[in-house]
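Both complexes shown next keep chain A, but they swap its partner, so chain B is in the first and chain C is in the second.
Up next is the complex of A and B:
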């Protein structure tokens, strides 16, 4: 009996040893994906990797590669500052994600710090990336190399409230023609302020509700600086640029909007408790926002009123008007990009996963759910993309789009120029004082790393 | 007659008015958590939807379950409470009963450390946690705790212990100071060791102090936000705790679902209330005198 038991035990050991040996034919590689996403609209940013892992594992098996991928997705709606801090702290601890989704403007600083890898060489083995719209690679390039794969894009249009324009006496035809007039440069930023002032004077909107920008610092303001001819980067040297003349016009516009026309408010409001309810609740005539906010208003603020159907009746979308008659209207795109950590042990697998989520199906799922624009060539021809009215009607804005610069000093530049703007809107600075404040601040903070023109 | 009735009535009034404000707050929380919308304390429709986080993740299938997050929080809070109580009791006893060089200096130093705002120490602590992470056996891969380094439950608990200890030591020293020397002297004369005296004679007499320190430590850890946020990766990561989980419902850029926040807030409150119920008898003894002034 004892001998039988011993034999069975040995047999168990042999069988389990064999199974372990068989199991060791494959090696599991864990790839951590970290995304910042607003649930439920932006969940596909991370969730697309679930399907990608299945596909990649099938490919690896077919190719006889012993590696198998297991994806860990960490996705939440943490604030941007905390999100970037977390990456930096976890990188030093070697606990950072292998794939990190972030705004393209962080590429410069992370590349300089050596925390991410350049992808040019690796990407040659993944031709799927050729389907990405060529101009978007500019946003993820730094010092002549590509450091990230665009994940989504958006337009930052000028929204207008059709119902309120109607109350001002605009006909349906005039309202419908507005986006076209803006695109042709026939309706300028100051024309907009004039209409906004009229709306305030006639009591159609409350004081300060004629025109809103976003309530806190962000890329939208740069689009208006560009509209006045401003530059942010010197192509030859890669240094940041501030134009004094364009800056003066830019600050004069905001001074006029708030002080002369008395039609601008919105700065300093809370997003969820005041800004979104204000614009989606038909309390504001014109405002600059993002296309992704369309989904947020439909899903979170206006669902009870009919969501998108109600919004198409009530809101209109156009480019940000030109600064002067005949000038060029614009928009600003702030693509998100997947970056790969320089400590990732299998960057080829990480990039293979990213290639899997950079396809029509995965990207369109995200684009529709979050009303971000597609990033792939001919994506507008893709059946399911075409079915989204907002995406189809705003895609032309990419032809007029501008980008933030990829520069490690963009953070202080952006902060200083916004502080001056907030002071101008608040009446604490004249436009000239704002420009002087910006020039002093930039030279003090950035020294030779900024060019003042 | 009237005067004798008026006096307690006035006392009750003084108690009821401020208490009712707090009770109303909790009542609003309860009603909101079971409502689609509320106007004041009136529900505009009842629902269990706000509590669905108990059985499904409101942030998609990849997000850790509330139960994992609760377990993380519980482990962190219990570990922190246990270490704080044990270390504070031993230190408080030594500082209260023994004379040794640097005793006063040590006491002053702990007070100074307590005065430091935690935010000023975040970066140095981060480097300490990085160093701990490299220590074999305790740095990484400790079951349940993850370890004691960066991005682990144990690491966060350790940091919380460091911040809580000065408070704990002073509290416990105060309790030891109030225990009569006679009991201890008798035990020592009878041949008991210092440790035996501490454990069998003194500790049973400061149960209210232990309960108070336990509940304060537990509450501090249970509600901690800044330290878990700084020393763990991601509010949805493996080391996520309840205070971070709750923040997912509150965003700077989208509308906050206050009904869901109320439900998660109530859920976070439940263990605290249970903990208080189990320790309240000992806790209330602080105010009824305990063993102050000796037996």
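Up next is the complex of A and C:
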């Protein structure tokens, strides 16, 4: 709370200081920026707007525009569900933020409800957005229009513990070659489970700790569904899709992982008190996480052991393995995006502020602090971006990346498919029962808005 | 009315003009009728605003498909948008039996072992030892109830943590060679659900039972001792029969309270660690209505879960009142009727 007040105070001080100097014939426009950010790693998501406001006010003065912006930044680390609910309820009360940073997959539902504006026309007057990597605009497009400006991206790789592989008898060369083997499709998901089982059998890790995914519902699982050939969206109609055959393989994998291969014991754990300590504390052999977690582990969990230096010695990073030999490994990118409320009275100023923070300096600052991937063309050539080893070593993963669909019904789709997954991991469902549960649930919840293949 | 007019006259007050007298009497009568409502009005307004209207809204919402996606768009108050779909979804839910079973187990075990059982034991012990010591012990036991629930539950999470951080693992289980220092909320979630809720819940009954026991005239207990009754016999045949009313109240109140409470479970396990492993009915209503990773909160569906819970609560309350013969308990003592 103190942090929030401090940020707001700083923002108000900086901007109002500028305003006083500008004289009396100006109109102050307050732009509220709402960000979800884990402190201190992701603070630049909001803090970059402090400098942006200063720059924009200078531009406005030079252009003879009587308006001056004052930014109010609100950022914290609340749950995603609460974060979205807050926006929806505040929108109805006409108290929503003007700029709302959120995951790209929320665009569909907010666009359908008319709570955000399409940006195509406005963006033509802000050429700075041309520097954003073209493919990322796909993630913020819905029904042929752009609704958000990408803020960051990431890879969701497979992490492995080099020390534990060493205990299993792997040589340093074999460990170093693993990412390459995975990229070439020579080391599959089931190969990974076999190694995980061996680690459990030999007592290198506890039963259940061979391989972990995130502990609760979220985007990562979709990458494995894609790995087994699953689709989530029908390009022609824009409707959600569930493939029964791919779904069966997907649920069989998690059933096997939990019931046979001593894995998936992390499901249901708390993030801070068990999951992060588990993976960063070398209790788990393989796990799927996000690149941004690298900064979290270094800053919050492993600082005493040497932070990043220790992590480079202990952890390895690779793509998520293919489902079959020779298949394609993958990753999943879940870009965050700045959206503008449809009740914002000065959307041009809001977009101008977003353009200011979508530059190499601001974005790289955030990328390095939070170990998110950059979103700008040739950002990897930018001196300060290049200096980050993690960002450089994971960059190739964007070539293998997948996305979540932008669809208003992604929420219920994700909930149903995740419940089935948790049920197979817990031994409540067989893989076939899981597929039947998903098909029944999707048809009941979404009716004609989902295609079962 | 006639009698009242006559009484005024009888008291020697001068007769008032007929019209004025009628008005005064009418005003007085009206004032007499309105006075109780005036006294009740603050409560009535509060209950109407914060209980009755929300209850009606939740009831209506339970027939709608109002959710985060159509909020501000769906005209949920119009009957054309009402259906029984939410209730059909609840009663065809594959996990309904697990959630219902969890709820019954949670309420029954917490109530029997802690909210009534342990509360009674503590009340009996602390009223049979030195008065000041008993009071001090009850005060200590009351601390969890006046501690903010988040702080209290987070302390339990820390206690249950894996070795070497978790206090229970570090100082008790590991030195005794019990378990491998696992995260106890993951391996024994129900134990902690019972303990966390029970330690708070027991304090409520403890206070009521202790007060009731202390208000029993000493003559009865002294008489039983004189007759040669042991302590247990005094408790069993003198004290327990005399605290039937608090027993009924605590059992009924705590049953309904446990049925609707979920905050400790939410903070402790959030219904996990396995799928719906510690999920109770009220937590499901909360999860459906107010939480979702991707923001698809289903307010109508969650309201339907809540409405079913209200019905379960009413049924339970009626059963309790009949089982405990509520009417007999609130009857005037026969000695007073003589």
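Note that the second predicted complex is superposed on the first by the 429 of 453 C-alpha atoms of A that agree within 3 Å, B and C clash if a C-alpha of one lies under 4 Å from a C-alpha of the other, contacts with A are read in each partner's own complex, and residues count from 1 in each chain.
The rule is short, and it goes like this: a residue touches a chain if its C-beta (ideal position, glycine included) is under 8 Å from a C-beta of that chain, and two chains touch if they have at least 3 such contacts.
Small disclaimer: the values here were computed from a predicted structure and weren't measured.
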Practice task
Report clash or fit for the pair chain B and chain C bound to chain A in the combined superposed model.
Solution key: clash
Practice task
Look at A:30 in the shared chain and tell me whether it touches chain B only, chain C only, both, or neither; answer first, second, both or neither.
Solution key: neither
Practice task
For A:410, decide between first (touching chain B), second (touching chain C), both and neither.
Solution key: second
Problem - Partner chain in contact with A:171 - chain B first, chain C second, else both or neither - result: neither
Practice task
Would you check which partner chain A:273 touches, where first means chain B only, second means chain C only, and both and neither mean what they say?
Solution key: both
Handout entry: First, second, both or neither for A:58, with chain B first and chain C second
Key = neither
Practice task
Check the residue A:206 against both partner chains and state whether it touches chain B (first), chain C (second), both, or neither.
Solution key: second
Handout entry: First, second, both or neither for A:106, with chain B first and chain C second
Key = second
Handout entry: First (chain B), second (chain C), both or neither touched by A:92
Key = both
Practice task
Could you say whether A:422 touches chain B, chain C, both of them, or neither, answering first, second, both or neither?
Solution key: second
Practice task
With the two complexes overlaid, spot the stretch of chain C among 20-28, 74-82, 128-136 or 200-208 whose C-alpha atoms clash with chain B.
Solution key: 128-136
Exercise for the section: Determine where on chain A the residues touched by chain B overlap those touched by chain C, and list them. Expected result: 79, 82, 85, 89, 92, 270, 273, 277
Completion exercise
Note: in the complex, chain A contacts chain C through residues 79-85, 88-89, 91-92, 105-106, 109, 112-113, 206, 216-218, 267-270, 273-274, 277, 408-412, 414-415, 419, 422-423, 425-426, 428, 437, 444
Practice task
Using the touch rule from the top, collect the residues of chain B that touch chain A in their complex.
Solution key: 58-63, 126, 129-130, 133, 149-151, 229-231, 233-237, 247-248, 251-256
Problem - Of all residues in chain C, those that touch chain A in their complex - result: 68-73, 89, 94, 157, 161-162, 165, 180, 182-183, 185-186, 272-275, 277, 290-297
Fill in the blank from the handout: Listed in rising order, the residues of chain A that touch chain B in the complex are 34, 38-40, 43, 46-47, 50, 73-79, 82, 85-86, 89-90, 92-93, 95-97, 270-273, 276-277, 296, 300-301
